[in-house]
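The following pair of complexes shares a single chain, chain A, combined with chain B in the former and chain C in the latter.
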Partner chain A sequence: MKSESRRFRAVDILYILMMILPLVFCIVLKVLTKPLSEGIDISGALVYFTIKMPIQDLPVTESQVNSLMVMISILGLCLYLTHGMGKGQLKTRHHIAEFLVGKADGLVKSNMDEHFRNFGPFITAILALSAFSSLISLLGLYPPTSDVNIVGGWAIVVFVLITYYKAICGPVQYIKSFCDPVLLAPLNIISEVATPISMAFRHYGNVLSGAVISVLVATGLQGLSKMIFSFLPGFLGNIPFLQIGLPAILSIYFDVFSGLLQAYIFAMLTMLYISGGFPAELFNKKKIKKI
Partner chain B sequence: MLEIAVGIILGCCALGAGAAMIAGIGPGIGEGNAVAKACEAIGRQPECKGDVTTTMLMGCAIAETTGLYALVIAILLIFVAPSRFVDILLTVIK
Partner chain C sequence: MQSLDVISINLWQIIISLLNLLILCLIIKKFLYKPVKNMLSKREAELNEMYNTANDSIKRAESDEAYWKEKRESAQAEAEEIIEEATSSAKMRGEKIVAEAKDKAEGILKRAQNDAELEMEKAQDTIKREIIDVSSALAEKMLGREINIEDHRNMIDSVIEDIK
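On to the complex of A and B.
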């Protein structure tokens, strides 16, 4: 019994390390490779190295590494929350896990069609990935969601799903759904193509604008305090007193609130678009015919 | 002569970015209307405050999209376009 509990604890520690180590790895990598710079610094993701590819070189950037590490970290969190479930007494973390799963299922149930009952894990994965990717900027890392390539990839995945469920009754029905009034067919096709673009731009634009505004305000306050407090003797004149306070409040809004809101909206739009494009009546009719 | 050309490119990029952000007026008015209506709805039926708030935030985020398109264009004009345009200018001169 004692060895069992010791083993349980060891696995627990392993999962916690799995949660924390990727983020530490990201920070170490950033500290080691970031070039020193003074003052204003608005740049894209750092390029760690490039892989030679036949058509075009593939640059491995900070945002890709960070998003992979966030995935590993979320996996560790999930394993930790559900570790030892079903054996013996339920612990607090098991209740937390059940609560989260119940919430996600409720969200899917209230927003999607009857056919999409088992979509909970996918929606939760998108929600968690987006939320944690935005929250990683609290550690001083580059948030992967402020890179259009990452968010564009998610939007393309969602677009493939939307198209699959639209065309589930055959290609003829899929083409027919565009020409409901025949004259409006080009507009319908344009709006269909605009879906992933607008989803990607909405998420990435929100996070990036928050980052840019934060950096601009911080730099402006630095310059202002240098101007006002320059009469102080010695090193006191170099301390940016005005930078205390306001950037933190901005960070609460832009990093925490805006990031979580965008994650929620991305998941919500995914559900609405997939469920909205699905021809439910036709599908049910076909199903009855087959039986 | 080259300095003047590069200066014109940089200045026009900055002007274009500023002009693009005029689009921020639209989402501002739209979101203001949405929040005003949500406040009215909550005042009329305080019991459905949660539903109204989530729907309003959702609608606000979607209404923001047009403003964000303008923002993306402005960011491209400031951070990406000048170097591209200067490269094009140099290749044309050569």
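On to the complex of A and C.
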């Protein structure tokens, strides 16, 4: 019994390390590779190395690595939360896992129709990946969501799902859905194509603009404090006193609030678009046809 | 080390992130949803089982109650019957005993009466004999001669008969 509990604890520690170590690895990588910069520096992700590929070279960037590490962290979190579940007494973490699953299922249930019941894992994955990718900037890391490629990939998944569920009722139904008023068919097609682009750019733009504004405010405050406190003797004049306070509040807004909000919006739009493309009456009709 | 432009679209990066999302979806399905759903279904099964056993117990308790109620009523009736029987048998026996005692007492009384009568007769006999003896002695004395006892007796007997 005791050795088993010790083993249980050892596995627990392994999972916690699995959560923390990738993030530590990211921070170390960033510290080692980040070039020193002065003044305003707004650029994309750092490129670690480039792999030769057909069509286009693949640069392995900070955002790719960070997003992979976030995934490993989420895997560790999932394993930790469900470790020992179903055996013996329920622990707090099992209740947390149950709560999370219940909340995600509730969200799916309230926004999608009955036949999309098994969309829970997908929506949870979008929420978790987006939220954690944005929150990673709290550690000073480059948030993968401010890279258009990352969010673009998610948006393409959503677009494929929307198209799949629209096309599932047959090509006639699919074409008919664009010609609701026949004259507006081109506009409908444009809006259909615009859906993933708008989703990707909304998320990416929000996170990136938050980062840009943070950098601008910090730099501006630095200049301002240099101007005001330059009369102080020695190194005291070089300390940017005004940088204390305001950037922290901005970080709460742009990193925490905006990141979580964008994750929620992205998941919400996903659910609405997918369930809008395949409403219940079509589902029932298709079912009847099958029978 | 150079960095990417703020907006730079790369096909492979998009594909990788797309696959990342799908992989994470599978991870969450396998490692978060499956255990939780398993636990929930297990809990539901446990709860159903509990309810079933509770219902069974209630049903059994009800049937037991009815059974025991019936039993109690029958036992009560039996007890009443037994008491009645006992009282009646006791009464009967008492009456019997009393009758027996009465009989016995009567027997004793009769015997006593008989005895007394016998005794009286005996006493009468004795008195008679004594009177005979005394009177014969007296007469012997008075007459101065021996009287034939047989005659004498007969004579006295007749006298006593007369007296009687």
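Note that in this section the second predicted complex is superposed on the first by the 289 of 291 C-alpha atoms of A that agree within 3 Å, B and C clash if a C-alpha of one lies under 4 Å from a C-alpha of the other, contacts with A are read in each partner's own complex, and residues count from 1 in each chain.
Quick note on the criterion: a residue touches a chain if its C-beta (ideal position, glycine included) is under 8 Å from a C-beta of that chain, and two chains touch if they have at least 3 such contacts.
In this text, all values refer to a predicted model and were calculated from it rather than measured experimentally.
Colleague: After the chain A overlay, clash or fit between chain B and chain C?
Modeller: fit
Colleague: Output check: A:Leu208 vs chain B and chain C. Expected answer is one of first, second, both, neither. What do you get?
Modeller: In the superposition, A:Leu208 touches chain B and chain C alike.
Colleague: Touching A:Gln262, do we find chain B (first), chain C (second), both, or neither?
Modeller: Only chain B is touched by A:Gln262; chain C is not.
Colleague: Kindly classify A:Leu81 by the partners it touches after superposition: chain B alone (first), chain C alone (second), both, or neither?
Modeller: A:Leu81 sits against chain C, while chain B stays out of touch.
Colleague: Quick one: classify A:Ser198 as touching chain B (first), chain C (second), both or neither.
Modeller: first
Colleague: Once chain A of both complexes is superposed, is A:His94 in touch with chain B (first), chain C (second), both, or neither?
Modeller: It touches chain C, and chain B stays clear.
Colleague: One more residue to check, A:Gly152. First (chain B), second (chain C), both or neither?
Modeller: After superposing on A, A:Gly152 lies in contact with chain C but is clear of chain B.
Colleague: Can you tell me whether chain B or chain C touches more residues on chain A?
Modeller: Higher number of touched chain A residues: C.
Colleague: Once superposed, minimum distance in angstrom between C-alpha atoms of chain B and those of chain C?
Modeller: 7
Colleague: Using the superposition on chain A as set up above, list the residues of chain A that contact both chain B and chain C.
Modeller: Touching chain B and chain C on chain A: residues 42, 208.
Colleague: List the residues on chain B that touch chain A in their complex, please.
Modeller: On the chain B side, the touching residues are 57-58, 61-62, 64-65, 68-69, 71-72, 75, 79.
Colleague: What residues on chain A touch chain B, complex-wise?
Modeller: For this pair, the touching residues of chain A are 42, 198, 201-202, 204-206, 208-209, 212, 261-262, 265, 268-269.
Colleague: Which part of chain A faces chain C closely enough to touch in the complex?
Modeller: Residues 33, 35, 42-48, 53, 55-56, 58-59, 61-64, 67-68, 71, 74-75, 78-79, 81-82, 85-86, 94, 97-98, 100-101, 120-122, 124-126, 128-129, 144, 147-154, 156-157, 208.
Colleague: What does chain C use to touch chain A in their complex?
Modeller: Per the touch definition, chain C meets chain A at residues 1-29, 31-33, 35-40, 42.
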